[in-house]
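Dropping the structures in below, format is structure tokens.
One chain, subunit A, links the two complexes that follow: it is found with subunit B in the first and with subunit C in the second.
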Partner chain A sequence: MSTATTTHDQEAFNLKEWIFTTDHKRIGVMYLIGSMAAFAVAGMMALMMRLEQANIGAQFIETGTDYNEWLYFHGAAMILAFLIPGLTGFAANYFLPLMIGAADVAFPRINAFSIWLFYFAIVLALLSVVVPDTPDIMWTGYPPYAVTTEGNTSFYVFTVHLLGFSSILGAVNFLVTVIYMRAPGMGWNQLNIFVWTTLAAFVLQLVFIPVLAAAVTLLLFDKYLGTHFFDPAAGGDVLLYQNLFWFYSHPAVYVIFLPAVGILFEIIATMAKNQIFNYKVCVYGGIGGVVAIGGEVWIHHLYVTGMPDWLRIGMMISTLLISVPVGLIVMSLWGTLWRAAISYNVAMMYSVAMLYLIMVGGLTGIPLAMTSLTVHLSETSFIHAHFHFIMGLFSTYAVFAAVYYWFPKMTGRMADNGWARISFWLNFIGINVTFWPLFIIGPQGMPRRYWNYEMFPQFEAYHEVATVGAFLTAAGVAIMIINWITSAISGPKAPANPWNSRSLEWTHAPNPPGPGNFPEAVTVADDWTPYDYNK
Partner chain B sequence: MLKVRTLITGMLLCSTFAISTARAQYNRVPESYIDPSTFQIDEQKVLGVKVDKNLALIDESGQPFTLGEKLGKPLILVLSYYTCDGSCSVINADLRDRLEGVTDLKMGKDFEVLTISFDKQDNLEKLGVFKKHLEDTEKLGKGWSFATFKDSEQIKPFADRLGFNYFWSPTDRTFFHPGAFLFLSAEGRLIRVLYSQTVESKDVELAVFDAKQGKFRPNEIINFATSLCYSYNYKEGRYTYNIPLFVAVGSLTFGVTAFSGSVFVFRRRRKEREKKLET
Partner chain C sequence: MKLKRFFSVLNGAAMALLFATPAFAAAGDTPDTRADWDELWHEVLVDITVIGVIFIVAAIYMLIRFKATNPEQVGTATRLTTANAIGWALIPAAIFMADDFYLAAKGWTVWDHQRTVPENAMEVKVTGYQWYWEFEYEDGTTTDELKVPVGTPVVLRMTSDDVIHSFGLPYYRLTEDVMPGRITYIWFNPIEEVETLVTCREFCGNSHSEMFTAVEAIAPAEFEKWLAEQG
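This part shows the complex of A and B:
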């Protein structure tokens, strides 16, 4: 094990160096800061929506467009500017090269360029909130509304362009990095699960994101150049936009889900001190299966539109089929905990919460895969609650868990455990209080995306409870972020390997790692794995 | 003085009459005026409506049958009248010519054509003469039938349901009506309306494919894929290329190309580095 001492934290802070850095770790931290900024604003929008919905009638809203604008920013920022960059930007950038024993990524300058693009996108997205005619097209941008609205659709389009291009550059970079820059001796079956899941997410990004970029570009042309690509009256195809959008955006769910699962595996294996249960089945059957099938299920977002029955039923089967690889992944997760001596620190508490979220989110997804049930549940708050569990909350918790787990690695300090636990319980109770009422009232007929629901007065009490939950969550998150900042500045010094992990980033790199990551070149033995706990 | 007053009064009266006449002429509906909407079917209103399968018709041999007997596969419906000496023959002849160019689908096997007269005066004799003038429908294959309504009271409701407006002009001694081909699905739903003046054989083929509503045989998968490349242009009344689909498919190659290029660059750089180290 190395005991190198040359680290970034020994250097004075220099803003210029950070802006022009090509170091993957600093870029990772910058992704974390940028994505958390987007998360904060998106969270505020969520609170405004919940406050508005707390009671029937207008609380402080002026027009319905206001609600659309909050919905736009919340959705677009959470998915495009927080979850995807938080997981494939922050986590992949910081930890992936360390896990494979690489000194940096394959193209450091391209990596730096992608963080600049990301920040341009974040600035643009934040600006869109304050400009007149704020975009009000949700994160989907469906025509014809996106074309006919007075809202500034171009902000949405250019934000997608910048984030998309940034993602493509990142995907190319990390794929080449994993293929060519693994430590000598490291075979494919010796990779961390997080490396596999990130690799899979980048493959999906690389293939599918250009389709979204193409679709929104044509949307831009329709709105500002007078073309009719999505105008059926003039030969356009309005449903095609929805197909193209979900052709990317459903795989985008796996772009978020897979790295989140990877983080979960790393924490669970370390805290349980166990090998990954069924490693090869998990990697080739589970992760590989999700990549193989993930691109053929997007139609389930469009069940209520017109389409031939064979297509609807075919996509229902493929949607149900994806529960097989996801099931293999979940089995590996639970199997890794089997007969383990588990350490319940805060990262592990978030991980256990993630197991709960994946179970609830996954099980509530099954009825939504079925065409007959979706017809009834579509556009109700049941869907709202389902995708928050499986995507929003699960993946957000993955980011939080990752920060706690690798906090000593990134800062060289330990996070305050007491405040961390308080914030965890506040936001865990908060999310349940927020979303379970929505699960209950959805099947009873509560529609999604209604700022006023005076026609459904029977649901008011549920909305009041959900609003209380949202504020509990916000309080928990606020405490957590303050705890991160104060602990990073003045927390106790972290030991070299506080969790006794076997993964290279803990065993071979200092806290935090310096330029080049490893003081000595890393090689691994044939029988080494990052989960060598049973030896 | 009286003369002047009379003259002025007379001039004013004449002016009034002159103006009145002019206004009357201006507002008068000319005898040959036709509301242009007569020739259009409001697709937004009628696409998707279902026809009455029990509609009773009489075929060219005088045998009764129901519209439902012609369904079960896509049906091209042409509403005409058999004493029409102008557009009806042209419309039906246009369809015949377009169908000659349809190569991937076979009339009778993949779809049927049915011409029905909306003129309650039409009978078998008139039908026979009309069909005789319309040569060579048989050479396209069996599957094109001609019929009249059994119950003339059903003509108007049937046409109205399909948004097909027509009226008799006593001055012109003719019916004015759209020159439209109505594409019905196997279940009898109106799927597409094409107009004889604007369509090509490809449009007819694509409209029949649309009328199949996704129910195609395995050997028609290429036709199905081809049909995705087009979308119906309501403004032009024909199918045009679905450009966004081409752009989207093309964009799929972007990521793969970027990745391949990156691998190439990385390997070349690595080789250069290794060479330098060797030297």
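This part shows the complex of A and C:
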């Protein structure tokens, strides 16, 4: 043993310690690594699909099934293995206990079990790509196709089971943590917005995941045990699955959206050195409203399935009304910029981009909320572009922004440099070049999930442009990841509180925090908030 | 008194909307749901563009105007009074809600047109297969492309033989899923001669993106001749 004093971050890397850790920060980092691995593979598939779609006819696939397998993996992995674990795994684990002044989560060993389940799921998902009967059922897994296909649906079902179980354990853990482990003196109206949004996301997970688990389990039974839940020839119903699936999967959009919004609030309030505009309305009206209405709109995913006409109108109204709580959240975001003192770092650049993404992505949801417009827009590239803006890009940018913003916290070093800015501009320009052409050709009839579009030769130029955009994005992301790795190893040392934040993770914990997080127990005053800059 | 009258009218309208299940509309004033869709789409585009521009311009203004001049500077926004906080919740919520209900009402009207099959509609049965479409006319003739006479509304009664497909008719601004064990319908009004197409809009496997065929609206005499030839 060396006699030299070592701080936490200078200890030799020990793989065993990481695998068997119960420290929420290490678990958070492992979630980040696992979800970025899923992101990298799923992103690669997106590039292959864009290359295939660049021109009419088969470019380099042998059969449509090749393309369908990439598309399945891209969707399933991005949503289930990147966005949800990136936000409710990585961000929630690392930052939530620090924000509330807790030494760890309530049940650290259960937390460790959650990350193990997540890694089993990632391995299973990656294995499904190399087996001969790769699943080709889209991330939605609709029967009868998911039952009759030769693709191996069981990989999908078991991956969902593992991730669902992991999320339910995480949900219980974090709800208990926030309720019982807040620093003495910290009232509900003094919580960081990110804590609220994470709480809301976990409430949704807890309520709705069991429904998804039931749906995919019945799929498994139908395919492998000869049951007929979804087989109309034997008295089953194909739409039962879609109802169960979207009963979970629409709220799942908010499981992703809300923590992403939370991260956005943290960065904007800190960089604008301002309090959250209308905090209580944002929390109880905005975030609470999304949780309250989010479960009553799922039929908008079934607008063209012959559902009763009155139901399609009823859920058109409830879907449009989502604009009320989301509008309140937007008012608070915008209001936080009013009379602010804004400084810009890379995290703030991503945050500004997110303000644009939430606008474009949110507003393009309005025509899609309207049944009578969706009967034409359904399953076109318009909807494809819409959900990439609001769910894919908005939330992915939240993960990227979070890594930059808390990079000094996690590594003790800075990653905010010229490369970070170059990679931001490359990928911000890239996403616009990719998705705006799809917004344009969707209403003209371009279907999504098509590798070939010989019936629409007029769209070829748009697809070529979109493919160029995808490669710009990929170049930006690649530079960003290399910059993260090199900065973590040899970036300049960070000051203790580089952004002058008032939030506890910056004011009370070292960079990076050691075991137990805080050198001294944290208590907060009655009038303290994480955002009280103007004092 | 005025208010009472207003509510009785409102109530009457609501009842009419609730119970007027659109079954069969009278012939003669057949709506053009393609034009309906385009009109609604343009209205909604204007609506969301105006909202988007207002918010984005406001954001850009604040992001530039309120840039910090020195690192010690902090924001000077003050805590809202309770009255202001409630106002800043209720007024935006009321505006968003008003827009929602306005759009919902517009959408509902178009929806009624889209779901109300005209009495004189010609019925064609559609069956989806992996990976082709089959059409069956009232006289039992089956074809692999859809031809319809100009001037007669067409209602498609659709089902699938295998997995879920979706009948996407971009020219007529319509889509509806085609499912095993269920029958769905859409109707359209071919008011002029046009050669267009149907594509599959629900993922259905290997050749999903090649599941398309011609849809043509032709002169009635030509249609009769064509149909007779198919038999």
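As a convention for this text, the second predicted complex is superposed on the first by the 527 of 535 C-alpha atoms of A that agree within 3 Å, B and C clash if a C-alpha of one lies under 4 Å from a C-alpha of the other, contacts with A are read in each partner's own complex, and residues count from 1 in each chain.
Note that a residue touches a chain if its C-beta (ideal position, glycine included) is under 8 Å from a C-beta of that chain, and two chains touch if they have at least 3 such contacts.
If you're wondering where the values come from, they're calculated on a predicted model, not measured in any experiment.
Contacts of A:521 after superposition on the shared chain: neither subunit B nor subunit C is touched.
By the document's definition of touching, neither partner reaches A:33: not subunit B, not subunit C. When both complexes are overlaid on chain A, the residue A:352 reaches subunit C alone and has no touch with subunit B.
Between subunit B and subunit C, C contacts the larger number of subunit A residues.
By the touch criterion stated above, A:373 is placed in contact with subunit C alone, subunit B being left untouched.
When the two complexes are overlaid on their common chain A, residue A:485 makes contact with neither subunit B nor subunit C.
Judged by the touch definition given at the top, the superposed model places A:127 against neither subunit B nor subunit C.
When the shared chain is aligned, subunit B and subunit C each come close enough to touch A:233.
By the touch criterion defined above, A:304 reaches subunit C but does not reach subunit B. When both complexes are overlaid on chain A, the residue A:323 reaches subunit C alone and has no touch with subunit B. With the contact threshold set out at the top, residues 232-233, 236-237, 309 of subunit A are in contact with subunit B in one structure and with subunit C in the other. Residue ranges on subunit A touching subunit C, taken from their complex, read 63-65, 68, 136, 138, 142, 144-145, 148-149, 232-233, 236-239, 272-275, 277-278, 280-281, 285, 304-306, 309, 312-313, 316-317, 320-321, 323-324, 327-328, 330-331, 334-344, 352, 355-356, 359-360, 363-364, 366-367, 370-373, 375-376, 378-380, 443-445, 447, 449-455, 500, 533-534.
Subunit A meets subunit B in the complex at residues 106-107, 168, 171-173, 175-176, 179-180, 205-211, 213-215, 217-218, 229-230, 232-237, 240-241, 244, 247, 307-311.
Residues 213-215, 231-236, 240, 242-245, 247-248, 250-252, 254-256, 258-259, 262-263, 266-267, 270 of subunit B touch subunit A in their complex. Contact residues of subunit C toward subunit A in the complex are 21-22, 36-37, 40-41, 44-45, 47-48, 51-52, 55-56, 58-59, 62-63, 66-69, 71, 73-80, 85-86, 88-89, 92-93, 96-97, 99-101, 103-104, 107-108, 110-111, 114-115, 162-164, 166, 168, 170-171, 173-177, 179-186, 197, 199-210, 212.
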